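Here the chain labels run A, B, C and D in written order, and each chain numbers its own residues starting at 1.
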Amino acid sequence: MSRAQIVTSPAEAVAGIEDGSTVLVGGFGMAGMPVTLIDALIEQGASDLTIVSNNAGNGDTGLAALLAAGRVRKVICSFPRQHDSYVFDDLYRSGKLELEVVPQGNLAERMRAAGAGIGAFYCPTGVGTPLAEGKERRTIDGRDYVLEYPIQGDYALIGAQTADPMGNLLYRKTARNFGPVMATAARTTIVEVRETVGLGEIDPEAVVTPGIYVDRILDLSALASQEVAS
Amino acid sequence: MSIAVAATQTLEHLDRGPLSKDELAALVARDIPQGSYVNLGIGQPTTVADHLSADSGVVLHTENGMLGMGRAAQGDEIDPDLINAGKVPVTEPPGAAYFHHADSFAMMRGGHLDVCVLGAFQVSATGDLANWHTGAPDAIPAVGGAMDLAIGAKDVFVMMTLFAKDGTAKLVSECTYPLTGVGCVSRVYTDRALFLVGADGATVVETFGMSVEELDERLDIDLRTL
Amino acid sequence: MSRAQIVTSPAEAVAGIEDGSTVLVGGFGMAGMPVTLIDALIEQGASDLTIVSNNAGNGDTGLAALLAAGRVRKVICSFPRQHDSYVFDDLYRSGKLELEVVPQGNLAERMRAAGAGIGAFYCPTGVGTPLAEGKERRTIDGRDYVLEYPIQGDYALIGAQTADPMGNLLYRKTARNFGPVMATAARTTIVEVRETVGLGEIDPEAVVTPGIYVDRILDLSALASQEVAS
Amino acid sequence: MSIAVAATQTLEHLDRGPLSKDELAALVARDIPQGSYVNLGIGQPTTVADHLSADSGVVLHTENGMLGMGRAAQGDEIDPDLINAGKVPVTEPPGAAYFHHADSFAMMRGGHLDVCVLGAFQVSATGDLANWHTGAPDAIPAVGGAMDLAIGAKDVFVMMTLFAKDGTAKLVSECTYPLTGVGCVSRVYTDRALFLVGADGATVVETFGMSVEELDERLDIDLRTL
């Protein structure tokens, strides 16, 4: 029923993503960025999307290309402005894109809350700053907090290193970043991995994302073999 | 509730007596969809595992930090570091994963498990569950993971006898024992009948050695049929 | 300054635990139970303690012995009543011990909140039950929650499998349980491990508790060697 | 603030000019206690690492999920999967650990880091920090981890020039730029002086090529000395 499914094409991986969906997109800079899945999403054509990601695209590829294609209604991120975020910058300045800026740790914790069934949490980050304006505030044990709500995704697109047939995932170095959190926070989690291994080949002690959080797996190495073969 | 019922009409099995414990466990196992992520509560619910076929693809969760839990360990397999929530030694099949307690209960509370099977003292027609405390004034309260399990899974199945030893019904209009969770149970598997419960009240799906009419007489709730 | 310190005796491991401290004690049943550290705490003599642990002691050893020695003022746990929890049962029934029963997941999440700097969180567990009585309640997006506060420890006593010189920890199977959470939630975290390994011998991808959460490490295997030698 | 100041009396170094960037980084490094867990913000704070000796035992945290981060990677060491918060490739020394973003920011927000070093546009005498936004109406807001870093560490050190290019002081009675955090900074390291800041206001610890009296004239805050 909910067991992870190994898909054989990028199109199959992103099939069914509806217009208006909230899509969590992994990666910090290029590390962990699910480039193949983002390209497939552009191809797939879903529009009016809310994208939740740390950044808002670089250059003309990946998220920037998705933005440039006019598919995104709103971006929720911590750091949209970068030296090459011109696609985002133009859309934002011309009022074609809604932006919610969230401190990076709150972005992670709000997705964690969604995945963990927490209704809201009092967070000390941003108290007294413009980003806390209009938010409920409370003093607990002498410290000030603002109330933060979960960010739940309809879909998560993430990159990982290794998957097994149970959907258990390993990541690699700092490419781990948002992946494990987003995997818990979306109704459907779609992962591109660099390799798949056999059952029992991942050490149960070392699993970072247990398979219960993974719905579809696209094996990039298998894809590369297909391309060579065709 | 997210698992649909296959039956289109209430079935009365009148050519037989009530279900044995083993038959009850088999009935629950029958209704767990292939490939589900499932938590089996301690005690009787644990026996459901014996009726899940190897090719069911069902993955068991134990709240003390493991997904893909294996069967009870025997002999040399026993490892004090590898136990289930009932503190019974279990095995580690290939593909298992370990995680800590906060991650384990986040998995549960976040609604990622498909089915949780629990025992109960009482269940109400609207799905309230009482299974942690008899309410006896001298009882030492001890809840464990019961309240987390009750509210976590997409479907919470209760398995119990329909009547207590003194003959009183355990499926009730309102629980008299202290609650474990409100409106959280979706199905009640008993030796006498299988019920759907929830906001719309109780519906009889199947009976065992008892007619719907007899059930209606012995239960103090409005019963519907399919 | 705050780097993990390898201690050579149980007495050194628990040195300085003050009367009135809140002590988080790992383990689920016997799995992960820091038996040597608990025995050392009994020897050390600190009293008026608040103990936070899943259970409240079995038989006459470990936590039960600490309770029997009259050192504990209050127990915060999910499941005190067990077939052999007679020490706890007697003390509780005779009014010599305060008890706060917490659903197991809330126990874990409240300690996680303490470690993660979260001031409080809205939790769906226990809503409408006696354990939520007197707690603040709120409906968020149509679901009911109660407000839960962090449980911060002065000390954590936990068991783990392996430590390296940075204090990074690995656990073993379901003995992991509360250890990683408690390590984050205490001002001073004291760990008994079955083995220590050299720097670089733990895979950075597989670390469960990063060394920043570990203050003192007692190596049980070194202890056993000492005992053999003496 | 948890790190004590060694100096018992305010020192005026009048036989020299202001600190160079390199000297400033060395000064910050001098004050980081042995074995501390430290996060160095992107930009100038990163250069503090060059002044931490190998035997300092300082462990670097990067908020994108690593503890025990190594120096900048060079040549063949460059691995796109191994970067710091500034997206610069770094190395993995023995004893490092990786974790995900929620765990990384829990580590920070939970107060487990000893020191965080940040740049700033402005700092107030009471420790308010402004370092994420100039307040320009057409600027695209982008906060990254700045607000998390500001409130997370036991000690937040700011390093900056004391005066902006137009000569206005950046240590102020009240920040005019949008805040990153309130009362979060404990020390301000500048080319002209080192200050303690906090609820009690600003205290001069050391000056470089400027007397306390001159500082007092150029800053619009009450200055105390040790």
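Throughout what follows, a residue touches a chain if its C-beta (ideal position, glycine included) is under 8 Å from a C-beta of that chain, and two chains touch if they have at least 3 such contacts.
The UniProt protein names, listed by chain, are A, C = 3-oxoacid CoA-transferase subunit A; B, D = 3-oxoacid CoA-transferase subunit B.
Quick caveat, the model's predicted, so the values are computed rather than measured.
In terms of the stated touch criterion, the partners common to chain C and chain D are A, listed by label. Of the two chain pairs considered here, A-D and A-B, the higher C-beta contact count falls to A-D.
Between chain A and chain C the centroid-to-centroid distance comes to 34 Å (mean Cα coordinates, whole Å). The mean-CA centres of chain A and chain B are about 34 angstrom from one another, to the nearest whole unit. Per-chain Cα centroids separate chain B from chain D by 55 Å.
Residues of chain D found to touch two or more other chains are 66, 92, 98-99, 106, 108-109, 152.
In chain A, the positions touching at least two other chains are 109, 112, 116-118, 123-124, 171-173, 204-205, 208. Taken as a contact graph, the chains fit none of the simple arrangements: neither line, ring, star nor complete graph.
Contacting chain pairs (ordered by label): A-B, A-C, A-D, B-C, C-D. Those residues of chain A whose C-beta lies close enough to touch chain B in the complex are 1-3, 112, 114-118, 164-166, 168, 184, 199-200, 202, 204-205, 207, 210-213. Contacts from chain C toward chain A in the complex involve residues 109, 113, 116-124, 138, 140-141, 143, 145, 149, 170-173, 203-206, 208. Interface residues of chain C facing chain B in the complex, by the touch rule stated above, are 28-32, 78-82, 88-89, 92-93, 99, 101-109, 111-112, 123-131, 144, 171-181, 208.
Interface of chain B with chain A (complex): residues 33-37, 57, 59, 61, 66-68, 92, 94-99, 106-114, 152. Every residue of chain D that touches chain A in the complex is listed here, in rising order: 62-66, 79-84, 87, 92, 98-102, 104-106, 108-109, 128, 133, 138-148, 151-152, 178-182.
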